[in-house]
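Both of the next two complexes hold chain A, though its partner changes from chain B to chain C.
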Partner chain A sequence: MATVQAPSPSAGPADTGVTQVAVVGRSPWNLFWSRFVRDRAALAGAVLIGELIVLAIVAPLVAKMVGHGPNELFPLSVHGGIYLPTGPSSHFWFGGDQNGRDVFVRTIYGARTSLVVAFVATGFAMIIGVVLGTIAGYFGGWIDTIISRVIDIVLSLPLLLFAIGLATVCSTTATGCLGGLLQPGLSLVSGIIALFTWPYIGRIVRGQVLSLREREFIQAAHAMGASDARIMFGELLPNLVAPIVVYTTLIIPSNIIFEASLSFLGVGIPQTTPSWGRMLSDATANNLFTYAWWMMLFPGVFLLLTTLAFNLVGDGLRDALDPRGSRR
Partner chain B sequence: MIGLKRKTAGLLGMGLALALVAAACGGTSPGPSASSPTASGQPTRGGVLRTAISSFGFTGGFDPTDEYLGLAWDFYGAMLRNLVSYKHIGGAAGNALYPDLATSMPEISPDGLTYTFHLKSGIKFGPPVNREITSQDIAYAFERINDKNAGAEYGFYYDGVIKGMTGQVNGIKPVSGIETPDATTIIFHLTQPTGDFLYRLAMPATAPIPVEVAKCFPTGGGYGRFVISSGPYMIQGSQDLSLSQSCSQMVKNPISGFDPTKQLILVRNPNYAQSTDNLRSNYVNAIDIQVDANVSDIFNKVAAGTLDSSLADPPPTTTLTQYLTNPSKKPYLHSDSGDRTWYITMNLLTPPFDDVHVREAVNFIIDKAALQQAWGGPVFGQIATHIMPPIMLNNALTSSYDPYKTPGETGSLALAQAQMKLSKYDPKHDGKCDIASACTNIVMINRNYAPWSTMEPIVVQDLAKIGIQVVPRELETGAAYQTIDTTKNNIPIALNAGWGKDYADPFTFAQPLFGSAALIPVGNTNYSMVGVTSAIIKKQGLGVTIPKGLSVPSVDSLINQCEGQAGATRQQCWVNFDEYVMTKVVPWVPYLWATNLTITAPSLTKWVFDQFSGYISLTQVAVNNNISVSSLG
Partner chain C sequence: MRGPPQAAPAPVPSGSDDWDMWRYVARRLLWVVFVLLVISAITYVIFFIMPPVNPVVLFAGKSPTPTILATVSHQFGLDKPVWEQYLLFVKHVFLGDQYGWPGLGFSFQYRESIRSLMAARLPVTASLALGAALVWLVIGIPIGVASAIKRRTLVDRLAMGFALFFVSAPVFWLGLMFLWIFWFRLGWAAGTGYYGFTTNGFGTWLNHMVMPWVVLALLYAAFYARMARGNLIETMGEDYIRTARAKGLSERRVIFRHGLRSSLTPIVTMFGMDLGGLMGGAIITETVFNLQGIGQWAYQSVGTGDIPAILAVTLVTSFAITFANLVVDIVYAYLDPRVRYS
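Take a look at the complex of A and B:
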């Protein structure tokens, strides 16, 4: 937001062809922003994400307000001798789950899990992908070969078996595995997600670097004696921001689904950590959802809206950042 | 080996291959009774019992020598006859043995080592064998168990018990401890007095097998699609099996009525004479078992009357709720004791559970009523107060024996704290586990689906009340068992385990669960490490150490003492054993004696549960549906 002039509010599609009086210098950021704000769907997505972040942050306050913690156990309802979750009521807005816990509070807390995965796991994936992709593209040769083959190998690992195996191996001690680095639960799930998604970013970055490194400004930097590190991260990286941002945003929703799937399969996220995937899995146990529809509906809707929002924002970002896209 | 087989995958995995429990029935459970005519009047002969299962899940291809699935044992109850057998009825009476192929119960020598049986005459194999069953056919079944190639899955009940049986013989060879002086006499010589030997003779693997057919299947599981009947029912199409063809031809042409992925159709065996059998009623003309992967569909068909009964799949929640709340439907829901105990196991070698007072405190603090609710309520099982399901002890020890009784079985903080105060882990005497290194960060293995995952928050919360902070680790069924049955993992506490009987003698609980003989590095079933010694650790390579100064209790001598007895003294011995384990060893918090649920249609006019197998009694139920046998297949 360094530049001064905001885009003129009247600058609509109708104006673009018309040459106006004062020539306003429009920075790439201005161009991007003016395009992005005109994408209503992307804006709506961004607003939704913003709300979700706020909700996740104030989750403890929400719990305090309704008076139910996410792991507090409340009585079940009895139907002819069978104990079942209680339905939505003025006390339990989204009903209760199989332990009598408040589905509303757990859904709100579930946003935390999903957002942690969205930002932390994807963030790690991005960092690994950018660093390795840049190195591979910049140096080429055997370094490129090694990194590219590693990418191929990671992408061909049987992901679910790997995840289940890791969770099992890390479950036999209290400290987890790798000297306590990996604990079954959110950290393991985040780790697995980062491990399996960095290659997507890595490949794209490598491709971009391959074409950029032949450009004049890079050769100029070489001629001026800049170090490899400086060229990679001082010269090349700023030019990679657009693809990185776009692809990272597009990977986020798939990672949220990924976390939900792993939690659904029971890979590691414990009962005490509310997670939408886990809540959905609880609802399917013994077809419980055919009775307790609220256990499936609410986390399901939140999961849907969240992934939809990230997808819309990602699409909007791509449209706004792509220089080849039409200047609407 | 005593492996994963008899462990219970439980309610929700009942249709899967891991639900291998041989469970049984009873009338002790709440809810409808074990045996109730669902319509007035006498049961009528005829009709076809139509039922379905989500998947057979056979463990040994339905070959009686190998098969370890309780459901298969249910089918064998209608197809095979043993020297001694059950009446295939519900309740403790269903555990009583009667002569079946034998003319009477055996003559047992005074030293308890020799069992002599005489066979009834006029009992023939079903088609296409059609000849009289001889003592040699029974001996052949044992020779097959003894053949290492045949892969007998519970050979340990005979190996080392009958003279000459090791399970390691290559090929079919005579067993030195089994004599067949003539075609109607068979004599067993044992190596040691074995009070439950008759139960072992009632197992399907020991039913007569005709060599004419079985010789073509020298390896495990192969005979499963060629099982020749010795009982009231046979696989449909058995008569079309040609005995004149070569073995290489025969293996390509299994009997048509059985396809493990589709169906099993049993029809009346024309060679069976009801006059030789006073155990089975055989009302139905045929039994049609279809595979239907959609469990909801099975129950919808039962409700619509196009099936007469469910089989082994637990009913979905909505179905169950309808049957429990609608008085007109309630008589069609049958809840019978599965003779299975679900328990929390504690490791005698790991702090803080290496102190018996801590284990007792845990027994007092756990809210068993809440755990029962987590399973869905009393229809799923009765709260367990000790080790053996009451029917296993002929109701000599019921839930009225409750050494850790708390009001409403909801747990008692005061009683738990009183025990905790006696422990070395409570130096402050505040009723809480105080020593951080022992009382926090304790791994608790659990399964990652309901009802186990539903129990987890309850157990975590209860243990925290007495200062024990557990870290739950959730795994799928197999991984959870593998984690706790690998001794070097030294898991302190686990919530995933259950055990069901093979036959109704407490030995099938005592030896694998608490005997030091069960201690092996991988596949150990004595999770609590009862009776472990430094010598055993070294010999077996268990990879654990006994904490300094700890004397680990052992029940080996008690087990041996009970196993050498028979009759009423044996039963009393097992009662004493159960009490001793509960109060002196305290390896478990038993919390549920589970039931098996079956839903029937009005067309099933007589309901009977088979206690031995744990499912519907195929030879005792009656239907009224006018379905003809010719329409099957």
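Take a look at the complex of A and C:
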């Protein structure tokens, strides 16, 4: 802990040089940035995320270049009358799957599904969590009691089972469920994941608001006659950016795994949408993975790299924003 | 699957004496009951009002006549209004039904009492959860402690690399990779399926459980290693550790007697919740390794519309989680003298 810089301007360059250098106050943002860029693992994670995003965006171009669509069938290999997937080759870089689809193209497309669901679901979870957490912490009393108890209850639910149930229920008809709020497809999965993960953010935000609420600048805002909404979103929220960013980033990888788990179990994401979880589930059918290891290896490695990248960045952000640096 | 990382547990409010503790426990038990009522109501809303598969149509046989549908519906008790069904369910849970206490009803799928079906699956889930818990404690905590003591060394970097890898790796992929490598390629471990130790002997049981234990435990071990490391590093910066060192205690004694105690108490909280959650079945691990536990049963029941089974599993899991939470908070007060009840 001793090596961590105190977040004050006096720890700047002034006490090092023999020649007098003008003391420049470093903003919290400068401090954060200088810590973050020194964290090579986090930078590597950020670069990897950038590459994955680019890959997801250019997926149709890749498909065009390779000449195989994500759902195009190439029943190439016949062994003794049994169709078996073909292994990696110069035409099929990651091999083919049980229907003769190109695993490489599907893996690239899978990045789209994973990233879209992860960002949309986490975004919704963040908004709900921040709004409810701020309201609970700021108003206290019975409002806090209700919101906190709801959080407790959601966290005691068997998450995956409920998610499977909701996903199955809402996929049976084209209109979706909850009055059309959840439509079958990616939005359904994102909605379900958001519904079950906002309490993690909500709880953290509430705790932070509870301690900030008693600070002088909030009292000053009260004294100046600021409205509750203004204090919550104009005064409190800017001070919550750091923890919100850190915990949101750390929830993204677990949401990616959440989506992959649902797809792995065959619920939520429609059949034709390539998803890493569903590709892995295809590999398990009839123990196909014992022969066609490429069906298991490539989607799995991409999934792992994606979660790893987000975890690296999340840890890096946490270390850079936490001035106590206790975990480093 | 395991949820995202959580913030430190809320401390129990302060106060004192035994009477306070019992009042606290009673209040918490009431809360457990309330949570279970709410959760079963939510389950009812999801699965009874909007069933994934209509169980009546599914179980009435081929091309059923309206009379048969009505009979099956009546047999399942689905012809009553939803609120009446729910109240009946609650009554049966508290007072028991024709199969005994607690009354969990009968399975549409197997036409058997849910209690006996659950009793058959509980040993599988318990084997998996308890074994895995042992493995992750044995792996995770020593790694975290070693990493904290040897901070910024190669040991620390390797340990945290291990933790990061397994925190990120999805369980189902890890399970497949393990099966492929250790079962299919190397032939070291036995394949999938559950073999009870009363019928197949201890060796067979163990052989089939080792891989599921390790696969499930690695994720948790990684979380525990990270948490143990973070907590221990934080504790070692406290004033009383400096005092202990100043008294001339050996570094070993400072770490193991003074440091570990308070740094491991938050892990107790996490352990209770994780184990409670797993008692409701680990759906993914049970599916990958084809273990007929509670999780796999619940997952299959969603597909077959066996609503009473889903309801029972939900109830048991939520009970395990909330009850584990309560037990942990009480244990916590014994471990950490700063905590008192009110």
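In this text, the second predicted complex is superposed on the first by the 301 of 328 C-alpha atoms of A that agree within 3 Å, B and C clash if a C-alpha of one lies under 4 Å from a C-alpha of the other, contacts with A are read in each partner's own complex, and residues count from 1 in each chain.
The rule we apply is simple: a contact is a pair of C-beta atoms (placed from the backbone, for glycine too) under 8 Å apart; a residue touches a chain by one contact, two chains touch by 3 or more.
Values in this document were obtained by computation on a predicted structure and should not be read as measured data.
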> Are chain B and chain C a fit on chain A, or do they clash, once the structures share the same frame?
Replying inline: clash
> Now for A:T168: first (chain B), second (chain C), both, or neither, which partner does it touch?
Replying inline: both
>> According to the stated criteria, A:P270 is in contact with first (chain B), second (chain C), both, or neither; which is it?
In response: first
>> If we overlay the two complexes on their shared chain A, which of chain B and chain C does A:L304 touch? Say first, second, both or neither.
In response: second
>> Contact-wise, after the overlay, does A:W29 reach chain B, chain C, both or neither (first, second, both, neither)?
In response: neither
> When the two structures are overlaid on chain A, which partner does A:N99 contact: first (chain B), second (chain C), both, or neither?
Replying inline: first
>> Output check: A:F217 vs chain B and chain C. Expected answer is one of first, second, both, neither. What do you get?
In response: neither
>> Taking the superposition on A as described, I'd like to know which of chain B and chain C A:T290 touches: first, second, both or neither.
In response: both
> Does chain B (first) or chain C (second) touch A:L250, or do both, or does neither?
Replying inline: second
>> Let me test your reading of the model: by the given contact rule, A:S156 touches which partner, first (chain B), second (chain C), both or neither?
In response: second
>> If you tally the residues of chain A touched by each partner, is the higher count for chain B or for chain C?
In response: C
>> Going by the clash criterion at the top, which of the stretches 25-33, 43-51 or 61-69 from chain C hits chain B after superposition?
In response: 61-69
>> Output the chain A positions appearing in both contact lists, the one against chain B and the one against chain C.
In response: 164, 168, 172, 265, 290
>> Taking the touch rule as given, give the residues of chain A at its contact with chain C in the complex, in rising order.
In response: 1, 152-153, 155-162, 164-166, 168-170, 172, 177, 197, 200, 203-204, 207, 247, 250-251, 253-255, 257-258, 260-261, 264-265, 277, 280, 283-284, 289-290, 293, 296, 300, 303-304, 307-308, 311-312, 315, 326-327
> Okay, in this complex, where on chain B does chain A touch?
Replying inline: 11-12, 30-31, 295-296, 314, 316-318, 320-321, 324-325, 330, 370, 373-374, 376-379, 441-443, 445, 448-451, 453-454, 456-458, 460-461, 471-476, 479, 482-483, 486, 489, 491
> Where on chain C does chain A make contact in their complex?
Replying inline: 1-7, 35, 38-39, 42-43, 46-47, 50-53, 164-165, 167-173, 176-177, 179-180, 184, 229-230, 233-234, 237, 277, 280, 283-284, 287-288, 295, 298-299, 302-303, 310, 313-314, 317-318, 321-322, 325
>> Could you list, by residue number, the parts of chain A that touch chain B in their complex?
In response: 71, 73, 76, 78-84, 98-99, 101, 164, 167-168, 171-175, 184, 265-268, 270-272, 281-282, 285-288, 290-292
